[in-house]
Every structure is written in structure tokens, then in C-alpha cells.
Amino acid sequence: MGLKLQGVLPPVATSFSQDEALDLNALQANLRAWNATGLGGYLVLGSNGESGYLSEKEREEVIAAAHQARSPEKTLMIGTGLESTRHTIAFTRRAAELGADCALVVSPCYYKGQMTPAVLEAHYQKVAEAATIPILVYNVPQFTGVNLPADLVARLSRHPNIVGCKDSSGNLTQLGDIIRLSQPGFAVFVGSATVFYPALCLGAVGGILAVANVLPRLCVAVQEAHQAGDHAKALELQRRLTPLAQMVTTGQGIGGLKRAMDLVGYAGGPARSPLPMPASDAPLQKELDALKDFWPQA
Amino acid sequence: MGLKLQGVLPPVATSFSQDEALDLNALQANLRAWNATGLGGYLVLGSNGESGYLSEKEREEVIAAAHQARSPEKTLMIGTGLESTRHTIAFTRRAAELGADCALVVSPCYYKGQMTPAVLEAHYQKVAEAATIPILVYNVPQFTGVNLPADLVARLSRHPNIVGCKDSSGNLTQLGDIIRLSQPGFAVFVGSATVFYPALCLGAVGGILAVANVLPRLCVAVQEAHQAGDHAKALELQRRLTPLAQMVTTGQGIGGLKRAMDLVGYAGGPARSPLPMPASDAPLQKELDALKDFWPQA
Amino acid sequence: MGLKLQGVLPPVATSFSQDEALDLNALQANLRAWNATGLGGYLVLGSNGESGYLSEKEREEVIAAAHQARSPEKTLMIGTGLESTRHTIAFTRRAAELGADCALVVSPCYYKGQMTPAVLEAHYQKVAEAATIPILVYNVPQFTGVNLPADLVARLSRHPNIVGCKDSSGNLTQLGDIIRLSQPGFAVFVGSATVFYPALCLGAVGGILAVANVLPRLCVAVQEAHQAGDHAKALELQRRLTPLAQMVTTGQGIGGLKRAMDLVGYAGGPARSPLPMPASDAPLQKELDALKDFWPQA
Amino acid sequence: MGLKLQGVLPPVATSFSQDEALDLNALQANLRAWNATGLGGYLVLGSNGESGYLSEKEREEVIAAAHQARSPEKTLMIGTGLESTRHTIAFTRRAAELGADCALVVSPCYYKGQMTPAVLEAHYQKVAEAATIPILVYNVPQFTGVNLPADLVARLSRHPNIVGCKDSSGNLTQLGDIIRLSQPGFAVFVGSATVFYPALCLGAVGGILAVANVLPRLCVAVQEAHQAGDHAKALELQRRLTPLAQMVTTGQGIGGLKRAMDLVGYAGGPARSPLPMPASDAPLQKELDALKDFWPQA
């Protein structure tokens, strides 16, 4: 299980039954279905995994279940960032015990005004020191209200146990700067499917993309076309991917993401309240119908 | 222990020992010291209580300790808002079992784009239905990145188990609108000490003010002057209060708040990492020296 | 015509005929009607005067027309702030020649990232040095995207030719800080009618309020009640004022403001395109009907 | 002088003498020097031309001077957007008389809250109807505080006299959406040099780039490498371009841009106050020294 940091990873949607209780079988069924695809791995307990909606016990159960269903050839990345340094360290170590290959650590964010670059740098250094698995830095300002600037990420890339990052800002100037300024070999993932192809052009090693829960093969095809030097095809696939990607993120959110999973044959199920479900399937169905060649059974 | 919703409440700083473990004795010592003041109660596990930095078990220990040390004449309000409706309900019910008089429920906020007024209204309605104690709505957009508009709060005020709110937006247009549009008897607290006096002029019933951890008597004096119709004195006290209030909130944050508590004789102690402590005591000391007549022993 | 800086001033709506050409007669008719009220003066070419929608020649015509219609007992304040220091100085001097008592200088704002406090301070110092009339600093971040912090305004208050400011941020913490930190005698006007009464409580000398174009007597009554120490009445009048004030600013904008002027008997007329006019008069009519005792003819 | 809309255009810096008066000779010298390069044209009176810092008369003088110095083989685009529809139309028609090939129309922005998509659409439709030359839509939210969403731009692309746009948001999701949703043949320019190469990958026809005032040949080389299918070279050139591009825009602004022009041999001169000049040449000099192979004389 060597750590390969590249390719497409879905930020795995956490499955619930209709009463919003954990449904670990459904989660495992999804992972097993994805094991047959070209995905590079899975991110469990990321933003799209409703991690903040789970209890401490539920989080551990999710990791253990994912570990059971994983393929040894795919990277098992676990989102372990919490608000305090203390609990982030403890949970990162616990995730390692439960089978994580590496950890994605979102920035603390509640006390936004106090989360200066120096404070964040110290936090990540302490977590990296204490962690028993490699960590990646996670920047998602649309959720956290805190941005990790490129020069901070570049400084962190110099720590031997900080091996990469996921940048979901959607800001390609920043992504380019991170890649340009970081240590060689630092694995930069983009977190916005709508700019996946141009991010690859700038040197990203892959994408951690919500829409990869729905159509992993389409996401993988974008990266394969880019790697093959077929820019025209990569752009064409990107243009097909973009509308669905927007619908299951900024448009309908996790409720839409899970509904889309159901519509193509994965286990979606409800999001936990207060997250809303789509009022109608029609918009999703329309986008999905245009992408039938990338459905799981196609 | 009838529920009296008015006056000044400190959002209690959670005490830690030097290694950042819970120090419940210190927490209780502070509450007991405040029992001799004119405070209307205490908010435990609010934003200034580093609630998001505590484990589930630690939160319960803090409530139990506060319940032991409380005065029966003061309101024990507990911050119980979590991201999911499910866990917010469970924790609100648990807080009631542990002695809470009422609960302050912060808005869910991580998936900001999905937290529409309709979604938030449904969340609060469900929590209010299931809670075994009265609840108050908590709006703190500088931390959550989500604002609860006045018309939403006014609609919620019609629910018999939603008895008040805390608005920390600092926006007095909004505070005035909430008071103007809500049900008669709905208790509107302001959460920004820098506008405490003008908020009282607009009809706020009191303030839940970080700086009340440090100089509760000064905060109470502002409200007493206003109630006595002595606007000149209320304004003068407000002007004395403002610089310290800014320093222990937007300036130095919780680290500064705790340091100021130490400097006047309460138990402050460290904030949990990554929250920083002030580099120097000098700025705080200077402000505090100008307010010696309101120190605990004065 | 001694310069009295206090009381209520309308930021005068610039009158246009139906083809959007200047209608100076209508403008003068409004000023003459207002001369019989308790207004402290008028601000001509402010934000609500569509100043940025006028040509250079039109601006001079407006000042000259206002000068003709003014009462010698009321302050004629002219908005003279432009983007460049050079043209702001020239226009401020020209406004003085055309009869201005003082000038309100909005912050330059187009190159937001470059408008640091030091840059803005130098700009205002140069304008104050070169101006032949006193100037006031104007902060309106909802339009400019630039905020003038309290300590900057306080430093500027030390210049002998900078005699006051208008703060339209709606932020009463900031307004309180400006009053607290500025030179004694520095005239601080609030620019948000929704917080007029609490701003007066904090020490503001008056308000420059869009809604004073519509119901000047109601605005003046708020301040008179406050000055008489009748806080209950001031608050009650504020609550009556607020909904209309919101409708003619953040709600329907200048189009709504002008329509409301027409509805009560002043000369409103169209706003210049692209500014929209209200789709229906009904919401304005409803608010105005509740305030008939403050209409011009009442 | 057929209208060719593609390639690199500098948003021409407007030249001033040391006393900040217009220096039309310097402006013309720059244009004549650029006539020997591969630039596709020039944008005169854009954001980087300090257009808002010029009087009405100065703007006409600048256009006339540019028209004299232009090459017939390069596109002369003029920034003609003003706040009102009325004056935007008049100035666009005047620019055509003075020799403009096409006009770039920035969105009105002062009354941000009123500038809804419907209002902006009506504005652009009216300008396009009345203009005697083709127009392009200009989106620059970092200056205007208003964003033109992709679906609005796509609707405008259907008007026969709206032939393209410049998007300076830096948001490549949005740029990709504009290209994907607009009429075939609609010319989409990117306005951020830091994402020039990935924007070309997405289908942009060129860039209107501040840094092209300094090193036009480097900017042109990026596009030539992309057109030749040499992505590795395009990325390498982009990485060399980025740091200088940041310094002369978000870093030091127009003051830095003009200083860099001086340092490589063009006519830079001062920016108008309040725009600041760099405190030191050293940072610019360092970046420029690394790019000597693209200096004008190299």
C-alpha cells in the first residue's frame, strides 16, 4: 500500500438510511464499485462527507468501514482536521490506527480573525510532527472563510511529513503559485471540478472532486486525455463535466450530489438535516442523461 | 429557578491548565466569584467558551461543573448548537438533563451556500420542538459566515419554545429590526459590547458580552445607568468600556480575554492551540489600569 | 452664512425631466420647500444626487441652481470628491466659487487595493490644504468598497480645515470610535437613517439621510426628541422612520427615493438609467400612508 | 482596419509628466514602439489607463493622440464605460468619431445593490443599440465590486453589436462558462496575466494584460507557444511571467506598472495622486533582471 498521491479521488459522500442514521453497508458498496475504476483513491470524511455532521463515534465507524472495503491499490485518505490542535492530532493518530494511508487536514476556522498565517503555520507544524501518517493541507475558503495563501502552503511543503495539499478555492492564480513555490514532489490536488483540466495544465497531480462520486470515469477521462497530450479532448470532456459538477456543489450541494448518485446507480440516500434535498430530480436527470456514456454500467 | 432573560451574561471562558487540559475548578471559581455580582446569568459553551475546541465528553463535564457552581438566582444558559439538526437536538436535551435553564443555538454554518433562510427556519423549528428547555437563536456572522436576517428571527419568535436571541453581528439596523418585528416579550440580547449602550436604547434586554468575563461590574453599570434614565452616564461608561472590549474580542481574541481575566484576579489560563496568547501584557494592562474602579476587588 | 454643522440634511436628489435631462427648476422647488422646515442644510451632489451620473458641466449647473434657491440660514454642502487628488481639488475650489459653504469629499475608491490608510490620509491632507472652504470626510463603503477606519478619520480631524465627517457604514462601533477619538468639535454625521437615534445617543451632531428628501419633518422630529431628552419618543419615531428609510435606500434605491418624493408632493421624477424605477408604487404608498402626519402639507 | 479581436493587448498606461499633466508625446512613443511587436492591438482608457482620473477633455485628447500613433494593423479599442447609460452612449459615439475600432464598456458600479443582472442587461443593450462601433463587455469585480455572471454575458453575446468581452475576475470557472455558453465567434479575452495560459487552454482568444505594457513580447510568446501546441513551453513562460504580473497589478498597482515601464525603456512616468509610486525599485528590478531576454531591446 505505498502512498500514491495522484489521480482522481472522490470526497466520499457518507451514506445514511432514510432516518439519517449511518448506513455503512451502503458506503462500502460504493467503495467496492469504485474499486473497479481508474480512481486513484478515496477521501473519506472530507467536506462532502458531512464530517462535521457526525459524532466522534460515527467518524471512527466510517473510517473502519472504509478500510474494510478499500482496495489496497488505492489511497485511503481521511479528513482529520478539527478546530483544536490537540484534537486534530489525536484524531489523526486514531485514523492511522484505523487504516488511513494519509490525512487531509482542513484549516481551523471558527475564530477567523485569529487564524493568521503564523498561527496556521504553527498548527500545521505541530500536527505534522505528531502525526504517524503523512498529512496534506486542505484549503476550502468557501466553507471555512479562511484562505491559506500560496506562500504559507509553500513554507509548509518544506516539512517532511507534509506531502501535499488540496486547494478548493477555485483560484488558479493561487493554485499556480502553490505549484510554482512548493517543494518539488509536493502533491497539489485541485478541489474544483470546474477547473480540473486547466489545473492539470498548471501542474496539479490530480483532483479531489465531489462529482467523482457520481461519474468517476468521466473525471478520470479528463486526466487521461491531458496526460496523453490530447488537449482538445480534455477540453471537450471538461465542458461536458462542468454543468453537472456545478449542480452537485454550488448549486444543490450535498443533497444534489447524493441524489445524482442514486440516479446513476450508486447508493446516495439522504443528507443529514439541515442540509436540503433537491425539490425535483429533473435538472439532475437532464444533465445526467447527456452523460450516459460515463454512467457506471455504460 | 424561574427563567429570567435580561441583564448582562458573560459567555464564560472555559478554563484550561497549562497543558491545555480542562480545569473545572478554575471554571467553578470564576462562577462563584461572579455570583456576588449583578450579572443576570452565564452563558456556558458559547463562542468565547471555545466550545468547538472541546470533545463531546469535555462539553458535558463543563456543563456539570457549571451547574454545581451556579447561583440559583442566575440564569444558566448553555450553547448547544452543532452542525446537524440531529446532534443539536440530542445535545440540547442532554444539556437540560445536566441542569441548563435554556439553550443558545448557534446557526449551522459549514455549508454556507445551502444555509438559506428556509433551511435555517426548518432547523430551528425542529430543535425547538424537540428541546426540553426554551431555546434562543444565536447569530454570529463574524464566526459563522452566515447571517440570520431580522425577518427570519421574527418568524422564529412566534414559536412558543423560542424565547429570545443573541445577535452579535454588531449591526444595529438589524438589531432594531429584530426588536421591532419580533413577538412582544421575545428577549433580544446584543453580543457586541462596543454597542451595548445604543443597543439598550433600541430595546435590547441585555448583553452577552465577552468583556463581562473580565469586568462584569462595568458592564452591569452601563445597563443600570440606562435603566435609571441617566444617558450621559451610560455613554460615559460605554466609552470607558469600548477599548477593553475591542482588545479582548476583535483585537487579541480569546487569548487576550483570558489574559485580562488573569490580570484582574479571575482564573484565565491559556487558550487552546491554535488560538494564540498575546505577545505582551502591556496593552491590556494599560487599558485595565484605567478601569481599576471596576476590578473585582475594588 | 456662518457654517453650522448639525441637524438633518437631505442628500438632495438631482431632478431630471422624463427624458433624463437636468430639471433645475424642480431641484430649486424642492430646496425652496425645504427652506420652511427645520432642516440644518442640504447636501448637493452626494451619493443620492447621482453625482457620478452627471457630466462636469451638469455638476456646475446643479451647484449654481442650488445656490440660488438656498436659504442663507441653512448650510450648503457640496459633494466634491473625485477619483484623482488633482480633480478633487479643482472641483472643490470651483464649488466654493459657486457658493458652497463646505465640501463633502468621498474617498477615492476605484483602485481599492491601493487605497491604504496612508494613501487616503495623504489625499485628504492635500485636498484640505488646497481647498478654500472647510471639508468633511465621507465614508460610504457600500458604494465605494473602501472603508475609512476610525483612527484614520481621527487623525484627519486634527487638520484645521477638516471639520467633520459623514459615516454611512451603518457600523455604530465605528461611529462611536470616530466620536471618541476625534478632536473636540469635529462634526460627525451619520449617514444611515435606520440608526439615526442610536447614533445621536453616541454623540453624532446630526444625520445626512436619504429619507430626509421625503419626510424631512420626521427626521428632524427624531433629533428634537433626543435633544429634549425624550428617549421614548425618539425611539418610537425611529421605529416609524425605519421601514421607509430602508425602502428608499437598500430596498428600491434612488428610483424608490424619487418615487416617494413624488408621492408626498415633492418633485421626484426619474432616476437616470441604468438606475431602475420601482415596478409598483404600492409598497411605498403603504409605508407613506402610515406616516401622513409627517407629509409636507400635514 | 478590419476588426481583429485576438491576441495580446496592453491596457495602455496613460503617460503624465512629473507634475501629473498629460504627456501625449510619451503615450505616442509607447504606441509606436509597440507597433513593431506582435501585439494584437491596444486598449486605451482602460482601468490601467487611469481613465477615472482624467477629465472629459483629457479623455478625448488621449484617444486622438492614440489614433495618431496607432498602426492600422492593430486594433484600437477604447474604454468608454461611464456610470450612466446616457453618458456611456455619448462617449462611445465620440470615441468612434475619434478613431476607435471598438469600445470596451465597463459595468456601471457605484450603486452596487441596484446593479442586478436585469438592470445591467438593459444598460448594455441600450449602449449596443446606440453605439456606432462594436462593443465588448468588461467585467472587473476587484475594481467595481460588481460581477457580471456568465449567463448574463452569454445573453449579451447574442446581440449583433456586442462582439466580445474582457473578464478580469481571475475566476476560470466563470471564464470557461462564458466561453461555453456564448455565441460562436464571441471574443473572450482574459484580463489576468497570472492565468493567461490556462485561459487560452479554455478557449480565450487572447489577453488584455497590464504587464503587456512592460514586456509585450513575453506575453505574446505565451500565446504563440500555446497556439503551436507546445504546452510545456507555454507553462514555463507563464511561470516566468507570473511574478512580474502580480507585482504590477495586485502588488504595486499602476505606480509599479509605470515604474517597470521606465526600467525597461518605455515611457512610464508618475501615476496621478492618490495612486502611490513604489517605495523602492529593487523588487521590480529583480524580477525584470530575470526576464532580460524579453526586454524591448533584447
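Each chain carries a letter (A, B, C and D) given by its place in the written order, and its residues are counted from 1.
In this section, a contact is a pair of C-beta atoms (placed from the backbone, for glycine too) under 8 Å apart; a residue touches a chain by one contact, two chains touch by 3 or more.
Just so it is clear, the structure is predicted and the values come from calculations on it, not from any experiment.
Steps from subunit B to subunit D, taking the shortest chain of touch contacts, total 2. Shared contact partners of subunit B and subunit C are absent; no chain touches both.
Centroid distances from subunit A, each centroid being the mean of CA atoms, peak for C.
Per the C-alpha superposition, subunit A sits rotated 180 degrees relative to subunit D, a value rounded to a multiple of 5.
As for how the two copies subunit C and subunit D face one another, over half of their interface residue numbers coincide. Note: centroid distance subunit A to subunit B, computed from Cα atoms, is 35 Å. In this assembly, the C-alpha centroid of subunit A lies 50 Å from the C-alpha centroid of subunit C. Taken residue by residue, subunit D touches two or more other chains at no position, since every residue touches fewer.
Chain pairs that touch, as defined above: A-B, A-D, B-C, C-D. Chain contact summary for the complex, subunit B toward subunit A: residues 20, 47, 50, 52-56, 83-87, 108, 110-116, 119-120, 122-123, 126, 142-143, 145, 250, 253-255, 272-276.
Considering their complex, residues 170-173, 176-177, 180, 192, 194-195, 197-199, 201-203, 229, 231, 235, 238-239, 242, 246 of subunit A touch subunit D.
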